[in-house]
Amino acid sequence: MATIAPPVEHAGHPLVDDRSFIRKYIFSTDHKIIGIQFLLMSLLFLLVGGALAMVMRWQLGYPGRPLPGGGVLPETMAPGGVVLPEFYNSLVTMHGTFMVFFAIMPLLVGVFGNYLIPLKIGAPDMAFPRLNMASFWTAVPAGILMVAGFFVEGGHASAGWTGYAPLSADPEYTGVSAGQQLWCLSLIILGLSSILGAVNYISTVINLRAPGMTWFRLPLSIWSLFITAILVLLAMPILSGALIMLLFDQTLGTHFFLPAEGGQPILWQHLFWFFGHPEVYILILPAMGMASDVIANGSRKPIFGYHSMVFAIMSIGFLGWIVWGHHMFQSGMNPTLATSFMISTMLIAVPSAIKVFNWLGTMWGGSIRLHVPMLHATAFVAMFVIGGLSGVFMASTPVDIYIHDTYFIVAHLHYVLFGGSLFAIFAAITFWYPKMFGRMMSERLGKIHFGLTFIFYNMVFFPMHQLGLHGHMRRIYDPSIYDFLKPLGGLNRFITISAFLLFATQILFMINFIGSWFRGRKASNNPWDDTGLEWTTPSPPPHGNWPVTPRVYHRPYEFSSPLVEEDFLPQDRELDTPPARAGSAPGH
Amino acid sequence: MTHAVTEGSVMLPAAEAEQGAGVYNEKLGMWIFLLSEVMFFTALIGSYIILRFSNPAAWPAPGAVLNIPVTAVNTFLLICSSVTMVKAFANAQDGDQRMLRIWLVLTVLIGASFVGIQAFEYNQLIGHGFLPSSGLYGSTFYTMTGFHGFHVTMGVLCMIYVTAKAFRGRYTPDDYRGVEVIGLYWHFVDLVWIILFTIVYLI
Amino acid sequence: MRYPILCGALLLAACGGDRGATPAADTTAAAAAPAPAGSATITGTVRFSGTAPANPAIDMSEEAACQAKHTGVITDPQVVVTNGMVSNGFVYVKSGLPAGVTYPTPTTPVVIDQNGCLYTPRVFGVMAGQPIEIRNSDPVLHNIKAVPTANRGFNISQPSQGMTTTRTFTTAEVMVPFECNVHGWMNAWVGVMTHPFYATSGADGGFSIQGLPAGTYELEAWHEKLGTRTISVTVAEGGSATAEFSFGPTT
Amino acid sequence: MDWISWMLPPGASTFARDIDWLYYLILVITGIAFVVVEVGLIWFLVKYRARPGRKAHYTHGNNTAEIIWTTIPAVTVVVIGLLSGGVWNNIRGRESVPADAIPYRVHAQQFEWNVTYPGPDGQFDTPDDFTRRNQLHVPVDRPVVVELTAEEVIHSLGIPAFRVKQDAVPGMRIRVWFQATTPGTYEIGCAELCGLGHYKMRAVVTVHSQAEYDRWLGQQSTIAASQ
């Protein structure tokens, strides 16, 4: 351990806060405010992405029928309320883009990376607070540009969130030019924002841990955010490079992805998925980490197999770089290469399985408190398992021939991104809400919201496996023109109605989120009896987080420790007889 | 390093923190940022290699289109600027304010002339009808060298900021973070250019 | 460095998105002189000598709704010659009109219908700025992709029966091709004019251009397969003249 | 709402047997894992719910348990991987296309499948070649190989009943083969987003008996020759 100096006042961070309103809440450099800014922004985009999905679902459930209230849409999108195929393609594209880049990714990385890292490692703020502010204020124009795409001539980007070239590279193929360019530009700017954030997170975790916070005393949420930040740092520039080439193909007449002069459409796919698969883990690793925190708390037990959980995070982070080809089994790539991609993909099942069984192991023998965060976290485990297992089907190259680009894939990715990431996000928001806003969210409303979301969510996405099994292609505007898909019309309508119910249920969350902000019960410093450092400061924490740098004596999840009377032992609580250091894991 | 950093300097890890990377935050942050930059240029250079290997006929012989001598001079200039940067850094460590300023100004000037010569080169090439739309060769040439030029320009702008601070005497043997951090970036950009010059111009 | 420029350009593109807002009247507003009331007429025919090439057959079996609107073998009416008379020839005044004169743009739209998976009319003219109403009378998806060179193109779809969409072109262009990518055989051509002196030859090969001021004009006949023919015609005020275009198989 | 089966729809090519078998194998394996985890989860939630006076069992893990649940999935996925690799090789391997396969050319464009037949002589670039739009006719029980190309953007030839799916990429020629086993007509759909008419890029494949196929071929070549 490093030299332990006696606790000192933070010279640079007087806890008397005399900043102006703008410095405090708008152009704030405080990681907590930036985290909340990201939270509000990404929840807004979550709503936008969800609304786009509703329009899509209407068309799929009731093809060619006017969307109720759709008459307000302009003639170029939905004349008389009937969604046009080109607008449908924009919906598909923008639903994916908003959800991946502007909702889930900032919710996990932007919100909780910012909010939790300094608070959980005992730092007064990020390593580079101003860079942190710059990161948020670069994400805002990216979001504005992305929304602006709907209002330009030719409509918004319609080549899918994966933007496959040449469809995306030449306006002639879609009739979309400005929209596609805005899409590229927005994602390049967002990439810059993410990279600035990642530099900050990595530096902060490496250099700013409080005394005693050794690597193996870091909570799994921090481990996963740290590994995620590395993935963001290394993956986003690949996307930026690819997007720049795509933008130049559109605007400067370059030939990177256009075959007429020797460009390669497949090159785009390689670049995109070389970014894209690490991106997939960017979207799930923090969810795993935060769910681990909540499950340990809810089970009142230390995380089962903490070290293997850390190594599982690392190996998922590493394997994420060598599996991108499994998105391209049907793209005409070398079949031998496909087999090696299949094997590396299959291997990811191993660390994933370790994590799932360790969560079960954590709950085993616990004293489980089913508070709302815990409900969401267990739902995360239950749903992530389905998403993970359905992944085995598409990892198997021959089976993938059949299910590639069908609704089976749509079901799979929503089980991972909604069932996985979003349930973990709900768990995290409800868990850290009292710390963020100083008030508790309504437990009752939270449980109703959870129950309905869980039911409707499964009613929407589980039947999509069936659609896929029957060969229902992705991204098609009107399945009813195919004879073999006609029998699926009823199922499509069922999914559509369920989706509307699922969307409506989220109003409960909005009411709970906004209402509790003003009228929620005041939260104590540590409402969940948790062991993390963030619960040792007031709710919400002051600027600078602690008047005195905390000192860490314990591993992260010392619940039900025999050393203390209570069923939790905070990481900073000094005992008369210090327990064994992390690393020499004792048996039981 | 001729002078040890004094006890309690901002350039040492904070005493009340767990052992980290052993370097101050800004330096660590720049190293991490450069990793990201490596990946960015990997995407561009990797695409270049893939496109060129699968379509060698689209590339004319070295020197047939591009003006290698002018660019060689430019490359030499950029390497010189790395040397001046090292000199500036050494003087910042020694606390020699006058030499620090001189070397920084030289670095700025050489960096700016690199960009200027590149602009001149672009102008010539465009005048000869060699455009970003001129096949894969034009596409890759302008994208790669253009983004390198963009990085140099950003570097020069930051360097001007650092130089201005140097003229206000902000760098001492106890705190020369700005000089060291911009130096790291500058050497990286220089290194990238040597790779680009080799694969785009010479091979 | 190039970001701000690109960004600015994009925003401009975004703001300037009001399609068709610059009719011909705007662009020549400075030189606008009232259109002289002419009263001369040019009439004539487009003829074809020899054996007309056979039109290819269209297999419409996959679009039952379209096929039902036809009887017998469906052919693509590329070259329609009846008794030596060519229909779907586009005849227009190519040059000879007084300079600096603008003509009022009609506000009534020209209708192009997609019926039985064919365009009707197949060849027609509009004035720059005049609305083109595209209608789908088929219960199947059509997309309309306009691939002009001087104008801004578009690519829109009409997934259901009875849909109409209106588009305009702003610049003179002979001819703007329309195509449907769902039904590869579907083609139409639009002649965009800055004056009203154009006509399409009918089933009898005849055309008539009215209201011309006196003068000598270069008249061109355009046909999608047969090419173009140019004739010089002089007409006096209130008078009439004839123009006969003749295509042959060697074109 | 109609009852929709959880089984795969009937296959009509030789690939269907292998792919479907592999699918059901994975379904059983993942099904077991699914049941184990979900039942365990619910069981623990009920059994270990917080009750007054009970404290959780304090443990940091168990190496034996962790080794077991690392090894079992690892072995399982490797087995699935090896089995998949074998099937994949038969379908897509470099040497997998039978030498006697009948050649076809399929050129995909927005939004049509143009199928070029070699005609009765079985050779391309001869006068009896002919092209049909959105119609693929193949004989039953004969391997056929399609050379896939694309005009402008990426399309994907998807024939669900044959368990065939292959992207058509502009600038590339990709060979995909199959052997139909049941006469009848089946639908082809584009499986890769290719523009506004993507959903309408439908074609039909007709599997004929050999005699019927020969008759059809002769008929079509006559039409082709007359044009």
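Note that the chains take the letters A, B, C and D in the order they are written out, and that residue 1 is the start of every chain.
We adopt the following convention: a contact is a pair of C-beta atoms (placed from the backbone, for glycine too) under 8 Å apart; a residue touches a chain by one contact, two chains touch by 3 or more.
Values in this document were obtained by computation on a predicted structure and should not be read as measured data.
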Shortest walk length in steps over touching chains, chain B through to chain D: 2
A-C compared against A-D, more contacting pairs: A-D
Chain centre separation in whole Å, for chain C relative to chain A (CA means): 53
Centroid distance [mean C-alpha coordinates] between chain D and chain A, Å: 31
Distance between chain centroids, defined by C-alpha means - chain A, chain B (Å): 34
Centre distance in Å when chain C and chain D are each reduced to the mean of their C-alpha atoms: 45
Of all residues in chain C, the ones touching two or more other chains: 141, 143, 155, 157
Residues of chain A engaged with two or more neighbouring chains: 84-86, 172, 174-175, 263-264, 477-478
Per-residue overlap in chain D, given as positions that touch at least 2 other chains: 110, 195-197, 200, 202
Chain D - residues contacting chain A, complex: 1-2, 4, 6-9, 15, 18-19, 22-23, 26-27, 29-30, 33-34, 37-38, 40-41, 44-45, 48-51, 54-62, 65-66, 69-70, 73-74, 77-78, 80-81, 84-85, 87-89, 91-94, 110, 152-154, 156, 158, 160-161, 163-167, 169-172, 174, 186-187, 189-200, 202
Touching residues (chain side chain B, partner chain A) in the complex: 13-21, 25-26, 28-29, 32-33, 35-37, 39-44, 47, 50-51, 54-55, 58, 131-133, 135-136, 138-140, 142-143, 147
Residues on chain C engaged by chain D in the complex (per definition of touch): 54, 56-57, 59, 62, 140-141, 143, 155, 157, 181-182, 184
Contacting residues of chain C [partner chain A, same complex]: 6-7, 10, 13-14, 17, 19, 141, 143, 145, 147, 153-157, 159-160, 163, 165
Chain C-facing residues of chain D, complex: 109-112, 132-135, 195-197, 200, 202-204, 227
